[in-house]
Every structure is written in structure tokens, then in C-alpha cells.
Amino acid sequence: MSAYAKGETHRTLDDLLGTRWRRPPLVQRAWLRWVLLVGLVVYLVAAISTVEVNWSRVYEGLDRGGAFVMAFAQPDFVSRADAIWNGMVESIVMTVASSVVGILISIPIALGAARNIAPLPVYLVCRGIIAVSRALQEIIVAILLVAIFGFGPLAGFLTLSFATIGFLSKLLAEDIESMDRSQAEAVRATGARWSQCIEYGVKPQVIPRLIGLSIYRVDINFRESAILGLVGAGGIGATLNTAFDRYEYDTAAAILLIIIVIVMALEYLSGLIRARVQ
Amino acid sequence: MLRLDALTKTYKTGDQALKAVTLDVPAGQVLALIGPSGAGKSTLIRCINRLVQPTSGQVTLGDVDVTRLGSGALRRERRRMGMIFQEYALVERLTVMENVLSGRLGYVGFWRALTRRFPQKDVDEAFRLLDRVGLVHMADKRADQLSGGQRQRVGICRALIQDPALLLVDEPTASLDPKTSRQIMRLICELCAERGLAAIINIHDVALAQMFVARVIGLRFGEIVYDGAPDGLTPGTLNEIYGEEDWEATIEKVDEDEAIEAAE
Amino acid sequence: MIENANGPIWRLRNRRETLTRWFVWLLGIAIFLWCWQQISDATTWFFVWDAPNIASDILGRATPPRWSYMDNLWVPIWDTLNIATLGTIGALILAVPIAFLAARNTTPSTLFIRPVALLIIVATRSINSLIWALLLIAIIGPGVFAGIVAIAIRSIGFCAKLLYEAIEEIDQSQVEAVTATGASRWQIMVYGIVPQIMPAFAGIAVFRWDINIRESTVLGLVGAGGIGLQLQASLNTLAWPQVSLILLVILAAVVISEWVSAKVRGAII
């Protein structure tokens, strides 16, 4: 060891002494490094230069921004109390209904989308549904559904149910695929039918996770329900939009505060429930 | 050169890790600190450079009372105390060279550290140290690509580049195989001799301690129960340090638990 | 004997539990039915029964997409990309200090500063980017800039939350080792903490960029620039062939960004 150290590296040590040391670059190939760096700078310059900012408008807006921040100190829950109350109830109603329906539908689809228990044709169909649901944002689905079903919470309800299916089925299917095989096999070895395999082999392992994910999704559904009203699909969003249009910042602040409080409460609740289930 | 005076540490949980430990370490002396787990070995050396804040007592390095220093002065004193860790504690995503140079952080400003522009004499010293431990060809490797023994060598370089007067060594061989353990212990002791450093080495391997050091301290329940030459360690003194009977009793209890579990 | 003594207690407890469980189910179903009633009341069912006709009508009008409209979309696509990218960069710049203030092991004060940082994280996270866009348009006027700021604000909470969790999970012994060399607070940060969270940081950045591409495609609906503006305009004029083309473009953007982010994350980890 020491012979090697003295014979082989002493020469390099003499070479190294007096030379500067540089941290080896993240990208080893020099040309690639420069291409990336120059590309990044060019992109940033191009991007920033195409952003048109009307600074005088922004400057004027600062007052309104200040007014809005001040509005948070004195939110107005009263003058539009009816609209806020109705919008909130509608948001919550949509959240609850769509979560229930979405969860119920997502369970069979999750089973179908798990490669280890579903036959290939079923698997492909279910994965297709999931892919479509995840690729389309809620707000776009809502626009289409409003066009088809007319204004109102039904469109919002259907939107959120559809989104819930994509979200929940995918995560649940991944859980089923990665679960402990030996337990399911042990049940199957007793000669159980497919439904019994699901009941005794799959269900006990997946239920806690299902509950956790469902609660998380309820949380998301509520947040999303707050914006669906912007396109006419029901909920508090319409009230909020009106408040902004009329520059009623104190009412807007009140609505935002309510949303924040409910989201915090839901997060706290979901933490409690998940801790109890797991 | 280093003096501990009635050094006491009581944790918030109420555990008394150190009970008025008094110890004198002359310049250039390498001593081993032995004792069972939880005897306070780690706490003792961490109280010296105040990674753990002692509850009461004094640590004097040279003429400086380390326990009363403000944060700036404490940083200056920490430069004089190199530390070597059990699990190497290299910053794994940095290169070997950066890890070694991080020993100079107490001497350079923030911007030099951020841009990695250390003074040339620091870089040269880092190369010399890496060469001394046989790792100069690894300088640009990332620390997590090294083996355990190699990492500990880098850890030693990091401590030595601080130009310390004292090395604090916490279980340097706990994660290493027996052969590498010996190599590392030999290296540490050789380097201390070369540079005239004092060192406090926490170690649980008594045989290894006896092989390399001139003085052994036995610690039990936060108190010094042995202080003397390595030859003076008899089975009786070892019993006193490690409390062999208690130890055996614990083992028996564990066995009983397992037997109960097995029966159920 | 023991079994006999335990038997009744066990059954009693179980019966009570069964009752509670039934009651909870019943309550749940009642709530759901009430919710459904509310939705049903607010719905004009005549339209719903007519929905299949309307849907097929729209589908008929929307196909084939008007490919020539693509010429008008390149600039909005560029804007959308910029909103997402610049917004993500802005969010990261703001999220890093907030994450350090919120992480238990780096915050200067657990009592005062940490709750403030956590509040910022929760507040920015629970409000959708569309709402932020609405607000910013009211304040600084419509356009790409409002979109960038909306995306940035919305992403602060998300990025800071994941980042501070990563900071709290770092290996403390590496920090201890750097501290022991006599390094200053900032040097400890640069040498002990930052290298450990870099992979998490890169992962979070790419992940959030992917989400932001999605979100920035619809910001235009409220006037905050990007391809959503064209979508809104086409919807208002009932130009369904343009709508279908725009939806295809958005779909492609989402798929591509997801692919890019998966590739980059794979390369990092």
C-alpha cells in the first residue's frame, strides 16, 4: 500500500502541487456544457424579452394590491353573506357527492388496471380511462361538460368525479400491483374464487391506503371546486369571480380566508384519520 | 494542554451523561477512551468542541476557556480541534477534495468557500495530505464512491488540514473491518506522532486501544473509573469498566423474551 | 371459565361497534343523498336528457380540427411555455428561503419565524393558480406577466413544503462534521446542507415545472396569457373546430412535459 503510494503517486503529487484545483463540472463533456449554458441564457433572454410588462399599469396596481392585502385584515363576511353561504354549500355538496361517486367507480377501475389481477383487455381499457382522465385538466373538462349539460353544479359534480377516477385508480392500481404477492397466493391456493381472492387477499392490504388516498382526494376536490365556478360549473368560484370583477376585495378576502381555513382543517383531519388507519 | 474541570452534562431528558469529569491531556499525548455504550464517551468529546453544550464545568485548551466563548471565538478555537467521526460523516455528494478543503472553512471567508477558491497553499496541503494517506488519485471522486476505509482516510485529512493541536476521534473503526481498523488506527497514531498532536480516541475495541496508545481512560456511567497505562488493564479493571455481570444479565433477559415470543 | 367470562363482553363490544358502524354508514348515505338532492335541484333536467344530442352535435361541429388555425397558436404556445418556466424559476427563488425558515433544523426561531413560513406555505398552496391569476389581473392587469406571477405564487407553497421536508430529513452527522471544522453558519449551509438537498431540489423543480405547464395552459381562460386566451376566444365565438385543435395542442403539451419531467427525474435520481 505505502509502496504504491510512494512510487506511483509521488510523481503526480509533484505535478499537482502549485496547480489550482477546480471542482469537476456537473456535465463532463465541455461542448455539451457550453451548449446547455448558452441555450439556457438564450432561452431566458428570449423568454423575458417577449414578456410585455406594462410597468405603469403595475405601478398603479400596487395601490390595489396594497388594498387587497389590507382587506385580509378586515375581511367582509357580511355584505354578500348569502352569496358566500350558497356558494360554499354548493362547493361542499359537489365535493362530497363527487368524492363518493368517484371513489366508488375508481375501485373497480383500479382492480381492472392492476396487471397482476386483471386480464389484458380489461387492463388496457381501464388504463385508457385513467390516461384520458389524467391528461385533461378539471377546468377543461368542466368547460366541455357545461357546454353539454348546461350551467350548474351537475357539470362540476361530473368533472370532479371524472378527475377523482383518474387520480385514485392510478395510485390504487399501483398499490395493488406492488402489494405482497404471497398473501394473495395463499388465499388462491385454498381454491378460492376470484371474488374471494379480492375479498381476502387484496382488500385487507389495500383498504388503509384507499382510505388515505380518498381523504387526500377530498381535499383536492374541495380546492378544485372553488375554481369550477369560473366557467359556470357551480360552487364558490362564481361568487369569487364576481367579487374580483367588482373590486370588492374585502369580500374576496373573506372567501379566500374561508377556503384556506377549510383546506387547513381538511389537511389536519386527513392527517388524523391517516394516522389512525395506518 | 487540554484540561477538563468537573465537566458535567445533563440532557433535557434528565440523563446525566457526564458526572464532573476532570482530565488533563498533555501536549502530544494520544489517549484512548474506553467504556460501554452510553458511558458518555461521545458526549465527552463533543463537549470539548461544544457540539454538545456542557451543563457545567470547564474545558481549557491552552489558555483559553472554551466553555465561555462567543460564537466567533468558538469557531476560532474549533479550528484547533480536528474531529474524526464514527460513520466518517463526509459530505457524500461533494468530491473528496472538497471534503478535505472543508477543513479550512474556519480560515476562509464565505465567498471563497462558496466559489471553492481556496488559497493555493491550502490546496497544496490538501494534495500532500491525500498523498500521505494514499488517496491523491481519488481527489475528484465523489465521497460516496469510496470504500469505508478510504472515507475514513479522507475524514482524517479533513481533520488534519485544520492544522489542529488536538484530535477528537469518535469511534474511528466502528464501521470498518478488523484489518482496515488496524490500518486506520496506525495511521492516526503515526500522524499524531509526526505532527506532535494530542488525541482523544473513543474506542470500544480494547485490544486495539492497547496496541496503539500510551494511556487509557475507562469511563462508566459518566465517571472515570480507570486512568493509566494500557498494560494496567486487568480482567478485574475491565469488569469494573464494562460491568460484565450486568451485561450477562441483560443477555439472559433478552433470551427469555425470545423464548416467550417463540412459545406464543 | 375465562372464555365464558370474556365471551359476553366481547360480543357486547362487538354489537355496539356494529351499531355504530351501521349508524355511520346510514349518516353517510343520508348526507350523500342530500347532496345529490341539492345538485339535482339546481339542474335543469331537460338539458341533461338532451345532452347526448348536444354532445354529438358539438362533436360533429368540432371535427375535423381546423389545422390552419395552428399558425395563430405558435405565439400562445411560446407564452405558455414561458409562463410555466419563468413562473417555476420565480417560485423556486422564493421557496428556498421560506423552506429554510420552515425546516425545524434550520429555522432561526421555532416560535416566531417558523409559523409565519408555514402560514405562507399553506396559504399559497391552498389557493388555485386560476384564483391567483384572477387576483393578479385585478391588480396588475391582464397578460403574460400576471400569469407568471400567479404560477410563481401558487408554486411557492408546493415547492417550499417538499423542500423543507427534505431539509428536515438530511443526515445531521454531515452537518455536525462541517460545524466541527469551525465553519460559520452560512458555510455550514453551503457545505453541510445544500449538497444533501440538491437532488431533492432538482426533482421538485422538474416536477413542479411539469404541473405548471398543465396549469399555464388554462390560465388564459381568465385573461392571464398563453394558449388559454385562444381557447376562451374560440369558445366565445363557438368556433368548435378551433377548440378541438387547441385541446389537442394542450393534450400534446401535457404529454410532452410529463415525458420530459420523467426523463429528467430519471437522470437525476
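Order of writing sets the labels: A, B and C. Residues in every chain begin at 1.
The rule is simple: contacts are C-beta pairs under 8 Å (C-beta built on N, C-alpha and C of every residue); 3 or more make two chains touch, one makes a residue touch a chain.
What you are looking at is a predicted structure, and each value in this text was computed from that prediction instead of being measured.
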item	value
Winner on C-beta contact pairs when A-B is weighed against B-C	B-C
Distance-maximising chain from subunit A - centres being C-alpha averages	B
Geometric centre distance via CA averages, subunit C-subunit A, whole Å	4
Averaged-CA centre spacing for the pair subunit C and subunit B, given as whole angstrom	47
Sites on subunit B at which at least two other chains make contact	98
Residue list for subunit C, restricted to those that touch at least two other chains	none
Subunit A to subunit C touching residues, read off their complex	43, 47-48, 50-54, 57-58, 61-62, 64-65, 68, 89-90, 93-94, 96-97, 100, 135-137, 139-140, 143-144, 147-150, 152-154, 157, 223-224, 226-227, 230-231, 234, 237, 240-241, 244, 247, 252, 256, 259-260, 263-264, 267
Residues of subunit B that touch subunit A when the two form their complex	95, 97-98, 101, 116, 118, 120, 123-124, 126-128, 131-132, 134, 136-137, 139-140, 183
Sites on subunit C touched by subunit A in the complex	28, 31-32, 35-36, 38-40, 42-44, 47-48, 51, 54-55, 58, 78-79, 81-82, 85-86, 122-123, 125-128, 130-131, 134-135, 137-141, 143-145, 148, 214-215, 217-218, 221-222, 231, 235, 247, 250-251, 254-255
Subunit C contact footprint on subunit B (complex, rising order)	49, 51, 75-79, 81-83, 85, 87, 89-94, 98, 102-107, 110, 113-114, 155, 158, 162, 168
Complex contact set, residues of subunit C against subunit B	171, 173-174, 176-184, 186-187, 190-192, 195-196, 198-199
